[in-house]
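Each structure below appears as structure tokens.
Okay, so chain A shows up in both of these, paired with chain B first and chain C after.
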Partner chain A sequence: MEHFLLEKNRLNEFLSALRNYEVFAPVRKVGLTVFELITNPKEAMLDLKNQPQSPKRVIFPQSEILLVFDKNNAAKEPKGRVGQKPQVVFGVRPCDARGFHMLDPVFEREYPDPYYLQKRQSTLLVGFHCSEPYPNCFCTSVGGNPSSPEGLDILLTDLGEQYFLEVITSKGEQVAKEGAAVLSSPTSQQQTEKEKLSGMAPQKIRRTIDTEGIASKIEKHFDHSLWRELSGKCISCGICTYTCPTCHCFDIQDERVRGRANRLRIWDSCMFPEYTLHASGHNPRPTRTERLKNRMYHKFKQNIDLYGVPGCVGCGRCITLCPENVDLVANLKVIKNL
Partner chain B sequence: MTENPYLPRRAKIESIKQETTGERIIKTFAVVIEDQAYRERFQHKPGQCAMLGINGVGESMISIASSPTNKEFLNFSVMKLGKVTSAIHELEAGDLITIRGPYGNNFPLDEWYQKNIITIGGGIGQAPLRSIIQYVLDKKGEFGGLDIIYGARTTADLCYREDHFQTEQSVFWQRRNVRVHLSIDVPEAGWDRFVGVVPDNLLRLKPSPENAIAITCGPPVMIKFVIKNLLALGFKDEQIYTTLENRMKCGIGKCGRCNVGSFYVCKDGPVFSYARLKNLPEKG
Partner chain C sequence: MDKEKLVNEAKAVFSREDVACLIGYGKDSIGFRVSPIFIRTRDEADQLFFSPLCSLSLVNYLTLEKGVLLEGNKETGGEKIAIVARGCDSRALIQLFAERGIPREQVVILGVPCRGTIDLKKIEGKFPDARNCTEVTEAEGMYYIRFDNESHEVPKEELLADHCKHCAFPNPLVYDVLLEDLVDSKGAAYSDIEEMEKMALEERHEYWKDKFARCLRCYACRNACPLCYCDDCILERVSPQWVNRSVNLSENLMFHLARSYHLAGRCAGCGECERVCPVNLPLMLLNRKLEKDIKNIFEYTAGSNLDDKPLFASFNPKDPNDFIF
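Up next is the complex of A and B:
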């Protein structure tokens, strides 16, 4: 596919040129940056290496209406994305792009989920190569790469004053066409520079874990007393699941507001006791120990059984953002060494 | 875009029967799906479940307590416990409810041709077993004997009481090798059948494992001891079946919470052979 050069000081012009798309980018909001719809390219905050929340929410929102109930209490589907502009998510990191590959089979298989699939099919991902990974990044241990185009439609590499722009898919080609006026051709020197950066990136990942054999270790030592120690610090806050690009668990709740009623899908967390609580009062995962173990089991055993890959892209958010320093990589190493 | 799996259909409640008057009230609802096309497509097999709901309140996964040989209506036995089941208990005959499904796997009845069937139920655990019991009674020629072992805490907690008594007393069914073995946990005046817990009744009855399939459903602790006793009676792992339940929201293997090991109970269950169940890391 084609290669272009985008001058950094013309980035806003490039984003403005994408008139046939709704553009999502990291936006500063109450001290956090989150991926949101932007109307002005100046809103895009591209200074962070990665955002505390993954772009998962653009396609799988924290809360969305599944059904609307009319006056006669009959269920109707909301309009959905039919007839709307396609979406571009700008500023996606390679790990988060792979995160969508982990979500896809959950929502595609057996009972295709129209809410996820409509948005997924009409959304393009424009990503940034990671030249300076975070200290807790471990994507290379779970099949990722900080300079990988996997799952992206366009990949940008920071060359200092310019971005090296690679078109990965035909969908990405359409975006490049719209912004063609501000794109130029890279020199062979810039091409070489880009390749050098791509080659160097994986070596900058500081945390590693050999995940070979972890699945069988988790299963073999399912009743080991060590799980209690590993979960000792956990406070069941759920931040690991809310920031995870591959967590897909949700709750369904009906809400009534001023005589109108909706059925909503809301992110849920396997860290909460209510998640598995039966109406009878029985809870198959009553303590933090069963819940933390289940999360690791889901990511590194169940996901492999179901979809052939671990349900983790190594973004490191659950480690960085955990208020109690529960460390997934360290925990995996403990299990591995059992 | 393909069909929306979350869109429920309306069903009319034809009749309601209050099963229990004990501490936990169970009502059995007979419902008919309104939309003809959906009704015809809704071909369940014994063991499967469906999402029942009330728009604006929520949905609950409930076992289908009637056999597919019954073409008139679907039965659901609902215990009044949480928000949704309490709201369902408020409904009356003629009211509308929502339904989607059927969900989950089923009992492998095709593999049980001419086998002796033994059902061992406790409390509301008899609901999924009732789909099998009715099926076997309707297609008795395809099966060997049928032993219905069922118990509850008190007579007020026994589900499908009249049905069970009728089958128990019926000379027609006795001649066809159908036996009913009821029990209650504590003695009551006028009760001349077994008093004690279901696993003990099973040990007393000593059904033969020869050419037999045992299916159990009830509280987790009951299932545990029933399986232990079946193994002691010589039943092999692959002769023992149970149905599991877990909290569910989607019913289609996406919302995450009902997993037991790598299986989702809603989609890969609720029916598990003990051969499959015993290798799972947690038992629900």
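Up next is the complex of A and C:
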């Protein structure tokens, strides 16, 4: 696919040219960088170092109304569903783009999910080569790479004064066309510079784990007493699951709101006791031990069995944001060495 | 703190009392991180340490999963849990004892006079690339920080956790062993709350609206809280469902109002809710507003006196009744 050059000071013009799209970009709100719909390109904050939440929620929102109904009227779809207009998510890290790749088979295989798929198909991902990984990043250990175009439609690489813009997919080509007025052709020197940066990227990842054989270890030592040790400090909150770019469990609930009712899909977390609570009162995962084990089992055994890859992109958020320092990489090493 | 003293006292506790488990602080392998550690034998006590980085409270582990900490019983026959507790932690413990959340006899308290702790978000923000922190000490308003091959001096105010700035109880109020000399304490100060009270209602609404809209409803604030230990939590109930699971401003607001009101007259001021929040909600403003009002109305401060009954389990004819029509 084609390569272009985008002058940094013309980035806002490029974003403004995408008038046929709803543009989501990282914005700074209450001291946090979060992905939101922007109306002015100036709102975009390309703070790739500080994204405590992945852009997962743009396509798979935390709460999503599926149906609206009341006593007298048949259920109908809510008005103005997001995702009916093509959308661009701008400023995606390569690991988070791979995250969408991990979500895709879940929502499209056995039971195709129109709510996810409609938005996924109409969404274009514009990512940035990750030049400053977090201290807890380990993407290279789970098949990723800080300069990987996988899952992205367009990849930008920071060359200092310009961005090197690579079109990855035909969807990306369309966007490049719309912004063509501000794009130019890169020189062969810039091409070399870009390739050099890509080559250097993996060395910046400081944490590593050889995941080979972990799936069978998890299976073999499913009842090992060490799980209890590993879960000792976990407080069973939902931070790891809610900030994870690949966690996708949800609950469906009906909620009454002023005389009518909404049927919603809401993120759920396998870290909560309620998650597996049966109507009978029985809970097959009654303690933190079973819950922590389940999360690791799902990501590093079950996901491999189902889809051939671990359900983890190595973004390191669950480690960095865990209030009690439950460390996925360290825990995997413990299991691996059993 | 002198590590040797801490370790020796911890070992002595194991020898003297029938302790099954000791909850303390251990240094984590990455950066400035400190982890809760669970010591089950005398020898393991060597892992213990204490420094201004120990910003987390360990008290919630006493009630998080009842019985787990006593599993060591089988080997040692111990029936008590020992815990390293700072001033705020001791308040939480006193409140727990008063509410009969855990019996006093079951807990052996290693009290640490506390000079305030470092906000991890602040120090990680300042030194994002630190890999292995070897030492943090404090002297005369400065922190001396060593990591990797660097050493830095940072003014204490810059890194101190916000809730520690207002702390009126740095010394443990209940303990079995005191690990250091007591430190000077100052009276309760509520300058931050007074600022908030000056805001007009609309202004205050705007302030909180932005904050609560960010909430992920991850329940970390509740789970980290040493006083949130109900078996059946109103925020989690399914039938009736008091707070809807939808994550939006309205439900998030209800969630946080319910959470803070259920801590009225109970919050020990340890700041755990604020520390663990992944979206930086200033939850201690709510807790401290209630603490201030309760102090004014009932002359009561939660966890400040071993002999106090819980606020809502006591009655005083002098209690104001002007809310009754």
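What to note about this one:
Basically, the second predicted complex is superposed on the first by the 326 of 338 C-alpha atoms of A that agree within 3 Å, B and C clash if a C-alpha of one lies under 4 Å from a C-alpha of the other, contacts with A are read in each partner's own complex, and residues count from 1 in each chain.
Keep in mind that, in the parts below, contacts are C-beta pairs under 8 Å (C-beta built on N, C-alpha and C of every residue); 3 or more make two chains touch, one makes a residue touch a chain.
Remember, it's a predicted structure, so these values are computed and weren't measured experimentally.
In the three-chain model built by superposing on chain A, chain B and chain C fit together without any clash. Contacts of A:A75 after superposition on the shared chain: chain B is touched, whereas chain C is not. In the superposition on chain A, contact of A:G238 is made with chain C only, not with chain B. With both structures placed on the common chain, the touch criterion links A:C270 to chain B but leaves chain C unconnected.
By the document's definition of touching, both partners, chain B and chain C, reach A:D251.
Applying the stated contact rule after C-alpha superposition, one finds that A:D96 touches neither chain B nor chain C. In the superposition on chain A, contact is made by A:D113 with chain B only, not with chain C. Taking every C-alpha of chain B against every C-alpha of chain C after the fit on chain A, the minimum distance is 5 Å. Overlap of the chain B and chain C contact sets on chain A: residues 251, 253.
Per the touch definition, chain A reaches chain B in the complex via residues 66-67, 69, 73-75, 77, 106-107, 110-114, 117-118, 219, 222-223, 248-254, 256, 261, 263, 268, 270, 275-280, 282, 284-285, 290, 294, 297-298, 301-302, 305-306. Contact residues of chain C toward chain A in the complex are 28-31, 33-38, 56, 60-61, 64-65, 68, 71, 128-129, 131, 210-211, 214, 216-220, 222-224, 236, 238, 244-248, 275-276, 278-280. Here chain B touches chain A in the complex through residues 1-2, 4-8, 10, 55-60, 81-82, 85, 96, 98, 220, 245-247, 249-250, 252-257, 259-262, 267, 281-282, 284, going by the rule given at the top. Those residues of chain A lying in contact with chain C across their complex are 29-32, 34, 49, 52-53, 62-63, 135-136, 206, 228, 232-233, 235-239, 242-243, 251, 253, 255, 262, 264, 266-267, 269, 272, 274, 287-288, 319, 321, 323-325, 327, 330.
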